[in-house]
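Letters A, B, C and D mark the chains in the order given here, with residues in each chain numbered from 1 onward.
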Amino acid sequence: MRQLCKGNVAVVKGAILAGCRAYYGYPITPASEIAEAAALYLPQVGGTFLQAESEVAAINMVYGAAAAGVRIMSASSGPGLSLMQEGISYLAGAELPGVIVDVVRGGPGLGNIAPEQSDYFAMVKGGGHGNYHNIVLAPASVQEMAELTGLAFELADKYRNPAIVLTDGFVGQMMEPLDLEYREATPPEKPWAVRGTAETRKNLVASIFLQPDELEGHQRNMEAKYYQAQQEEPRHELYETDGTEVLLVGYGIVSRVLRSTVEEARREGLRLGLFRPVTLWPFPSKALAEAAAGVEKVLVVELSNGQMVEDVRLALNGKVPVEFYGRTGGNVPSVEEINAELTSLASRQ
Amino acid sequence: MRQLCKGNVAVVKGAILAGCRAYYGYPITPASEIAEAAALYLPQVGGTFLQAESEVAAINMVYGAAAAGVRIMSASSGPGLSLMQEGISYLAGAELPGVIVDVVRGGPGLGNIAPEQSDYFAMVKGGGHGNYHNIVLAPASVQEMAELTGLAFELADKYRNPAIVLTDGFVGQMMEPLDLEYREATPPEKPWAVRGTAETRKNLVASIFLQPDELEGHQRNMEAKYYQAQQEEPRHELYETDGTEVLLVGYGIVSRVLRSTVEEARREGLRLGLFRPVTLWPFPSKALAEAAAGVEKVLVVELSNGQMVEDVRLALNGKVPVEFYGRTGGNVPSVEEINAELTSLASRQ
Amino acid sequence: MRQLCKGNVAVVKGAILAGCRAYYGYPITPASEIAEAAALYLPQVGGTFLQAESEVAAINMVYGAAAAGVRIMSASSGPGLSLMQEGISYLAGAELPGVIVDVVRGGPGLGNIAPEQSDYFAMVKGGGHGNYHNIVLAPASVQEMAELTGLAFELADKYRNPAIVLTDGFVGQMMEPLDLEYREATPPEKPWAVRGTAETRKNLVASIFLQPDELEGHQRNMEAKYYQAQQEEPRHELYETDGTEVLLVGYGIVSRVLRSTVEEARREGLRLGLFRPVTLWPFPSKALAEAAAGVEKVLVVELSNGQMVEDVRLALNGKVPVEFYGRTGGNVPSVEEINAELTSLASRQ
Amino acid sequence: MRQLCKGNVAVVKGAILAGCRAYYGYPITPASEIAEAAALYLPQVGGTFLQAESEVAAINMVYGAAAAGVRIMSASSGPGLSLMQEGISYLAGAELPGVIVDVVRGGPGLGNIAPEQSDYFAMVKGGGHGNYHNIVLAPASVQEMAELTGLAFELADKYRNPAIVLTDGFVGQMMEPLDLEYREATPPEKPWAVRGTAETRKNLVASIFLQPDELEGHQRNMEAKYYQAQQEEPRHELYETDGTEVLLVGYGIVSRVLRSTVEEARREGLRLGLFRPVTLWPFPSKALAEAAAGVEKVLVVELSNGQMVEDVRLALNGKVPVEFYGRTGGNVPSVEEINAELTSLASRQ
């Protein structure tokens, strides 16, 4: 079924098709349409929508529902995600699947409600305490808002780990055609879940491991599944990477500007190419290293002060010069601006 | 005055000598002695100690007191720090100085109360939302618990930014001699503070910048001060780095094991050296690159699954191979274990 | 269907038969079985059970669900009810129906978990701020736990007002036969509810009335419905009131001891009688005045320091001497103890 | 010293003269000036002002500071007081002194910010769970706002019990001359307090009494002190009660209207008199019975739907007819209105 749909609403449609049946959250611009759509659609499929007292309450309800084996979602923007960091760490530590959407706005602090990509570090690197990683997916279109949300549920269940859909106010608020076909979601069996039934009475969902060796063993197990994810799950998109001299790297809304930049450049005979990470964790380091092999230079563009650029540098490990161009506060670079930056970089050599 | 003192208590002594006059927090093992000592000593100097309803409440009280120009502290461990991530982002966004101590315990989630270094990412890279950095200091002795806490107050005020003392249960709980001499602290003038007086009525402490250009300008200003900090503030310690073949890198409690490893190795004629970052942000990248120039290999040791190692790799940018060895859950590697790892690395080449 | 059932569980069975489809609460002894039973049974009828972050959160979820027109319940014991007082006042002010069960334990403060009747004032007289009354029902058996809970839903909807089931740990924990026959509950239409649909978009559920005349008018309307309730809803039970010399008055568990006292006394030719208020608000003042007409004396017995006795005195207005006997802390007077008190009273004249 | 002062500010001045050295609260209209004045003046005498996260947090900080033996205050209006009911019950149960000011606004629920007396029940009768009474004082002038707040601290300490200053937006917001003379406050020794010192280490402040006999014994002790308070503390004011035919009864702002009514009536030869309760708990029942002896009728006037009238009826116990006249929502009856009511009552006989 083809329909015109807003990005934030597509998230909910994708979630429900993926079998999501509960949403706990607290509204915040520019993520509030996700709560609205969840409140509208979830009861129609027998699901539960609940506006919690706070983001702290919401993420702990996510923990509870995830422990019961339900496909479960929350969404917020920067400040709300920060409040959820403890709960996300608990989800990871208890190996619970849950999908959380971050529609990034300007920060730090109160900032503004315009789009940024400044939560990359908080979602991909750090955030909560302890050794763990979030799975992080970065949609670049309304269609992907639905599809990657669906994928987030699958990966969350496959790895029993929180999965983040990291997007921004542009993608969240834009209207685009959305193609969805109905299919019966078949979430996996979750024999570990605590369902309040006799047969699940023996199950224990917890993140406490009092003895050092016990906790270290738990973390080794987590590391093993993170290693598996790094082998199997990195996803990226390439565009015009034949004979590329300068490889542009950007995700989400930025990748759309970069694609236009590449198109225009190729029309003029300039050998630009685009590498778009679709998964931010696991980061598609190997594919990026391959795509960057032989290029003169890499330019990373972000709506931030430079965050993903560290993962790009780690992936290339000094083999190719990596430059950075960032805009913040809700400003998005135009094609002209990227071109000017490329010219400036060329002249600096 | 020389005294035998516990690391967590030394934090409070250092803070009070630095002019800290308020503490808001919520107790958690293994950081609770900081709250206890603050409750004992702060009233003796006319200061305020308050146990808040939660870590969320505590960090917002820190925000309030910092806005009033008071030198102010909080402390917690992993889960508590996660709950403070929103507030820390607000401190950074409003350019407020405040010192927060993280006595890291095992994670993620509830984990255990044994020492780890697994909050490196959460404190140094990510954590709260938006573009900002915490200043992060990593003491390795009781003496440094006091001194680096004092330095944290100075840097927090100099840069009007939150400063984290990142330590762990080992350093927090150990007893060592502490030399402190009394000096009158002279916190800087803070003409921007809101003190409830007529002359400060015009002041506004906020992190809201509604217009994109306004927020971007604010972030550019923040970037400028972060750049200054990166030039002026990196601190590190070198040990036996002449003719080093293998450079060990570790911070905090780990650096003490590595120092013993180097001592023992040098006695046997093996050319090991030690680089200890004292500031984790700004990371002493330049000094590390210099120290690593010419070495065959770098081995990073952490009580984590590998977090600081990324900053080491970014600093060396492929020029020297960087290996990692980590223990978690409260386990700390012994000298023998490091030696075994070094032997294993040598044989793998 | 006849079954052996615990009082707290009977509450939930009665609620579900009455059409209750949502429960928000936070567990506390001796009310926790209500939460447990709600968690077990509500999902079986397509309803929602949610353990909230706190009693404050729970009562505000009750407010939200009541505003949406759902038959909704919460339960707690003393401390939890105190935390709900603001929310209950909001329910009353916004004229929202909701049923809250108070399984009273020993107080004030933390007290203990043994039964008392010491929340009478907090539920019947005061509690939240502003001019309003709770409808309060006092079951004395497992059967009534179910039936009066059902009645509470009916009265809550009829008067659009919170209704309290005021019981105690004895009645909550006791096992007795319970007769329930299934019937389809038919909650009334609620055209005022806000359901997120187009036709209810114009509805407003609020308790704010900024202008004095507006708020006074609102309160006059509330007074009118309270007057109606006082005419139509008082319920009581009489036992052996022919030719009574001493009328015993007690509610809930106490009434069962008093009934035994009366039975025993009548066997010995003593003319005792029993008046049991079933509704505590509206208090059956008129019926009590009639029952007490001509008696020599009234003895009120409570598991408290004397609370309902004030309503008895107000009802009798000096026409008959009213004495009081109370036990607290979880102690319940025996028949012998009541007899001793009666003897003592007789000798004092 | 004579000064023109607002009622809410006079509360703080009275408190500080009484030795109050800490204030924890959360602002709400029409009580916010109390927080403002506390924030201004307390630091000047070495005291602590703290705006807590919520009223729930504030009252628990009051509990903590009271346990440490500090004279401590909070203030709020209806909704905030409702949120404090659990904490107030804990103060009473643990026998802790603390002063809480309720500047009553229109209710129930959100209501409005105009003055009412509709929290009488919540403060005087019920409120929190369990068997306890608040000491309740009702100032009728700016001077009394200071003096009765001072008295509240004395009674709170004398009886180790929470004391409420029950006032309203009229008295809180009015400006009147205030005479205060400085005197050194001498709060009593509190050997039971927990001060974090060696000699108070054995002290325990708690409200938990697990065994029924233990809790009942505790409540008997509380009853004994309540009995003492009922003998020693009732306070009232009489005006023109010689040969009174109709006795007006009102407290707070209402008493000022009633006094004018009496003055005017006496000028015209009508024998009206005024009885003003100054303490609402303990209620001056004996004095009222004496003052009402021989009058034809009592008219109680309140800014409520009729709450104190119950205590008047209990005091008179049917000996004199008691009528009620109330206004709500922020409306205050005028002298003319009272006269009209008196005429109407006369004609009804």
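As a working rule, a residue touches a chain if its C-beta (ideal position, glycine included) is under 8 Å from a C-beta of that chain, and two chains touch if they have at least 3 such contacts.
Note that the coordinates shown come from a computational prediction; the quantities given were computed from them, not determined experimentally.
Engineer: Relative to chain B, which chain has the most distant C-alpha mean position?
Structural biologist: Of all chains, C has its centre farthest from that of chain B.
Engineer: Taking the mean of the CA coordinates per chain, how far is chain A from chain D in Å?
Structural biologist: Those two chain centres are 56 Å apart.
Engineer: Where the centres are mean C-alpha positions, what is the separation of chain A from chain C, in Å?
Structural biologist: Using C-alpha averages as centres, the distance is 50 Å.
Engineer: Can you pull out the residues of chain C that are in contact with at least two other chains?
Structural biologist: Correct list: 56.
Engineer: Once you draw an edge for every pair of touching chains, what topology comes out, line, ring, star, complete or other?
Structural biologist: Looks like a ring, each chain touching just two neighbours.
Engineer: Output every touching chain pair, sorted by label.
Structural biologist: Those chain pairs satisfying the definition are A-B, A-C, B-D, C-D.
Engineer: For chain B, which residues count as touching chain A in their complex?
Structural biologist: 56, 77-79, 81-83, 85-86, 89-94, 104, 106-112, 114, 116, 118-119, 121-132, 206-219, 223, 304-305, 307, 310, 313-314, 316-319, 327-331
Engineer: What residues of chain A sit close enough to touch chain C in their complex?
Structural biologist: The contact residues of chain A facing chain C are 39-40, 46, 48, 50-54, 56-57, 60-61, 64, 196.
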